[in-house]
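Each of the two complexes below includes chain A, the first together with chain B, the second together with chain C.
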Partner chain A sequence: MKLLRMIGVGALLHTKQLSRSPFEIATALIVPVVQATLAVYLFRAGGEPGRLLEAAVGAGLMGVWSSVLFGSGGAIQNQRWQGTLEMIMLAPRPPALMILPITLATAVTGTYAMLATLLWGRLLYGVPLDFAHPLLFLLAVPGCVLGLGMFGLLLAATFVLMRNANALTNTLEYPIWLVSGMLVPLTVLPGWTGPIAAALPTTWGARAVHEAASGGPVWPSLGICLAISLGCLITGALMMTYVERRARAAATLALA
Partner chain B sequence: MSEYAIEAAGLRRTYRSRTGWLRPQRREVEAVRGVDLTVGNGELFGLLGPNGAGKTTTIKLLNTLLIPTAGTARICGHDVVTETREVRRRIGYVFGGDRGLYERLSARDNLRYFAELYGVPGREQKRRIAELLELVRLDGRENERVEGYSRGMRQRLHIARGLLHRPKVLFLDEPSIGVDPVAARELRQTVADLAATGTTVLLTTHYMAEADELCDRIAVIASGTIQALGTPAELRRHADGRQVLEVEAYGVTDAQLATIHTLPGVREASVTVAGAAQVLTVQSDAGVDVQADVLRALDGVRLGRVSARQPTLEDAYVAIVNRVAAPSRPLEAVTA
Partner chain C sequence: MTALFRLIGTGGVIAYRALFNWTTPAMFIGSLLVGPIFQLLFFAYLGRQLGVADDRFYIVGNAVLAASLSCVFGGTMAVANERRFGTLGHVLLSPRSRTAVFLGRVLPYAGNGLLIAVSTLTVGSLLLGLRMPPDALPALLATLAVASLSCGFFGLTLGALGLRFRDVWVVSNVSVALLLLLTGVNVPAAGLPGWMRAVGQALPITHAAAAARQLVAGKGFAAAAPALAAEVAVGFGYALLAATLLKLFEAESRRRASLDTM
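Moving on to the complex of A and B:
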């Protein structure tokens, strides 16, 4: 209980800190409009105007993913730059618990992009917001966000272990959009991407959200998304313990 | 419960860094080179030393942020490497400077976050945070974002954060940096009160008067090793048999200072700048009157007040540190 409270308060305050950044605010104002536009025109050009909602939801999911990828991937480096990494690592808790609220916050911040994309889609292009399961949609999105936040912890740990992670971040953004079927259906992708897609929590999260929007059994996908994410969380936590120890040995907690 | 709050034995730390990309060079800095010390429960212990002496490194070895290259350290009987969590439960850490806070959050949110992290029970948090905000005089501004705070206000927020979970052992690394004189006095009072109620404090500072006033014992560290350790009164004895001449001057040259160094009876000579004037401080053997010689060496320089006085802790500190002045920085080995 206390633990959940710590994670909750931590995620909330990190969301506050993140969402007040001028860069985030600028991104939040512009990107959703662009994404809504792209989604709508892509599908209009494809002659499938009936799937506009699906397109807008997909574009929104891409926003969540970008936020998690860049925010979580850079979480540790960011804390280091702020000089807060040492202070959070001094807490008498497993290191993963100190980072998880941050990666959750990046997913929560990303949700804004989803909502804004839908809103702009509605306002600018008249995308009809008729969800197949409105209530389930409201559940699938936070579920997906939670999953991505946990996946973010694995990203955060992986990225500090790898040099030149920044270059990697950029190359991961688009492939994962595609492979997870956020924008285009998985069926149009080459067969070899199948197994990769199946292993990614983003795929199942995106599927759950899509199913809630345009019809389908939401629960199984959401369940699989959370299960895989939990696996990522555990792996990420183990890695994080190793990362912390290594950082104390190599003196890289502080910016020196 | 352990007899000592802090125990360190043979503590060493070498930093290894790589510079250059095409032709990487490994650089090694031996920042701490065999530190032994014990600090009793409730003791207020000072760590003094020149820039780069290894004070911050020593503190980070003790507070689990760095793993020692060699040697061991215990906090309240718990090993800093193998019982990290037990150690972290008992310690607070405050460092000087204006980083390390969440800029876009208010002081209250910053404290709320760290209260959760450091395990302050939920129902106590509100009261504890209000209490600390008042202690560091940030009450009334606690809902403003930290990005709008002055340097001293940030420093005071650091101090409040360090105290949130009522640590048994408190590490203060230059806590009074950038804090105004009134607030600094209040801070000294706070630190003294904490020590009086049983908190062990390890303090580093560059203000000798602060150390003299507060500390039960002081270690002077230079080049990564402890050069002297004792009560302020004991340390002052390092300057026993000396007297100090202070000359206010305008435009002392390096050559003149060098000449003064060579005068018979002179042990130390240094120039500090105080406003528009310089203050030349000359330590000499008590039996030798160097005043006439010094003034002669300063021929042509406009002089102000000239005074003789007994040595202070600062003079003792200068004497100790200059004794090891030869390699004033830790040895740096560069290997390709």
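Moving on to the complex of A and C:
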């Protein structure tokens, strides 16, 4: 219980901190709304006005992924720049438990994008919020956010090992949007992308949210998303422990 | 006059080299060369699925748009990073024309933009199987160059705002997202409301993308010339606006003693 409390309080603290950044908020709210507008006009131009809810939900999911990718990928570096990395690593807890609340917070901040695109769709374009499973949608979104937050820990641990992590961060936004079927159905992609998509928690999380919105069995997708994410969490925690020990031994914790 | 060109050319190149103080070749390739190709594929597959337009529409449009990434952020960095790294005061103390200094900064970024657009067009065409008439290539290259310059001056205009406002990166991020929507690169202009089309006419990329599409369709330079001329006019307009804003905000920041305020 103490562990869950620590993760919960930590996630809340970092969510509050991220929510005070005008840059984070403007990016989390405005950019997804622009992308959702683009999606709506594309769906309309394609003669698919009945799928506007799918467009709004898809654009929101894209915003969640962007938040996790840039926030979690840079979690360690951001703490280093703020001068708080040493204090976090000094805490008498495994390092992964100290970083997990940060990556969860980036996913929670990403839900601002989902809220913004849904509200924008309803208020400006009259998109009916007729969710096939309204209650399951309210479960699927936090489930997807939790999954992506755990996946974020693996990103944070991987990126801290890579000298040119920023290059990967900037490059990974569109491929994951594409391969995870957030807006483009997986059926139109080449067959070889299938196994990659199946291994990503983003694919199953997006699928669960889309199924809750448009109809389909939500639980299996959500379960697979959380199972893969748990695997990512364990791998990320092991990597984080290794990275922390190596950085302590080499006295490079504070060095970029 | 030679000294002025030297200031613009050499100054721009030195400032560009300074960029590699913090970036790396891997970051450059990953962010600027690989990223736009995935963006192109994303919209091409979305367009295919919705049946909005053919691959040529998305390949050409997104290749032209790819130039905007380095140009808009580069133009913004040209001014905003001087403040961030504490060198803005030194630049503004220079007895030479600051307008020339900053306009010179745009040239390497525009060169970058051209490189990115050519690379995106080449890879996109190879991956999705687009054939272009060979005789259209010189005019297409000129179109991409004009688009890059136009975007660079647009970026510099945003950068000039960095002399007045602190969060200029929010403006750049939102502007790049708006270019996706308003330039008709991914949604055919006919599918956008009138006011969005009107705003798009005043933005870089819109006319260059239209000109490039005419060229790739094999309609010849004569058909593309009006759109290309419009893009030149838009670029010139932003160069003028950037120069005016830089002068205005420099004077204001001296008066308010807010040069290095972060």
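Please note the rule applied: the second predicted complex is superposed on the first by the 251 of 256 C-alpha atoms of A that agree within 3 Å, B and C clash if a C-alpha of one lies under 4 Å from a C-alpha of the other, contacts with A are read in each partner's own complex, and residues count from 1 in each chain.
To be clear about the criterion, a residue touches a chain if its C-beta (ideal position, glycine included) is under 8 Å from a C-beta of that chain, and two chains touch if they have at least 3 such contacts.
Keep in mind that this is a model prediction, so the values were computed, not measured.
S.K.: In the superposed arrangement, does A:Val31 touch chain B (first), chain C (second), both or neither?
M.R.: second
S.K.: Taking the superposition on A as described, I'd like to know which of chain B and chain C A:Leu42 touches: first, second, both or neither.
M.R.: A:Leu42: touches chain C, not chain B.
S.K.: Is A:Met87 touching the first partner chain B, the second partner chain C, both, or neither of them?
M.R.: first
S.K.: Touching A:Gly10 in the superposition: chain B (first), chain C (second), both, neither?
M.R.: So A:Gly10 only meets chain B here.
S.K.: I'd like to know which partner A:Arg248 touches here: chain B for first, chain C for second, both or neither.
M.R.: Touch status of A:Arg248: first partner only.
S.K.: Shared contact residues on chain A, chain B side and chain C side combined as an intersection?
M.R.: Overlap of chain B and chain C footprints on chain A: empty.
S.K.: Which positions of chain B touch chain A when the two form their complex?
M.R.: Residues of chain B touching chain A: 15-16, 60, 63-67, 85-86, 88-89, 91, 93, 97, 99-105, 109, 112-114, 116-119, 122, 145, 161.
S.K.: In the complex, go through chain A and note every residue touching chain C.
M.R.: 22-23, 26-27, 30-31, 34-35, 37-38, 41-48, 163-164, 166-168, 170-171, 173-175, 177-178, 183-185, 188-189
S.K.: What does chain A use to touch chain B in their complex?
M.R.: For chain A paired with chain B, touching residues are 2, 5-6, 9-10, 13, 16-17, 20-21, 82-84, 86-93, 98, 245, 248-251, 253-254.
S.K.: For the complex, give me every residue of chain C touching chain A.
M.R.: Against chain A, the touching part of chain C is residues 24, 26-31, 34-35, 38-39, 41-42, 45-52, 167, 169-170, 173-174, 177-178, 180-181, 186-188, 190-192.
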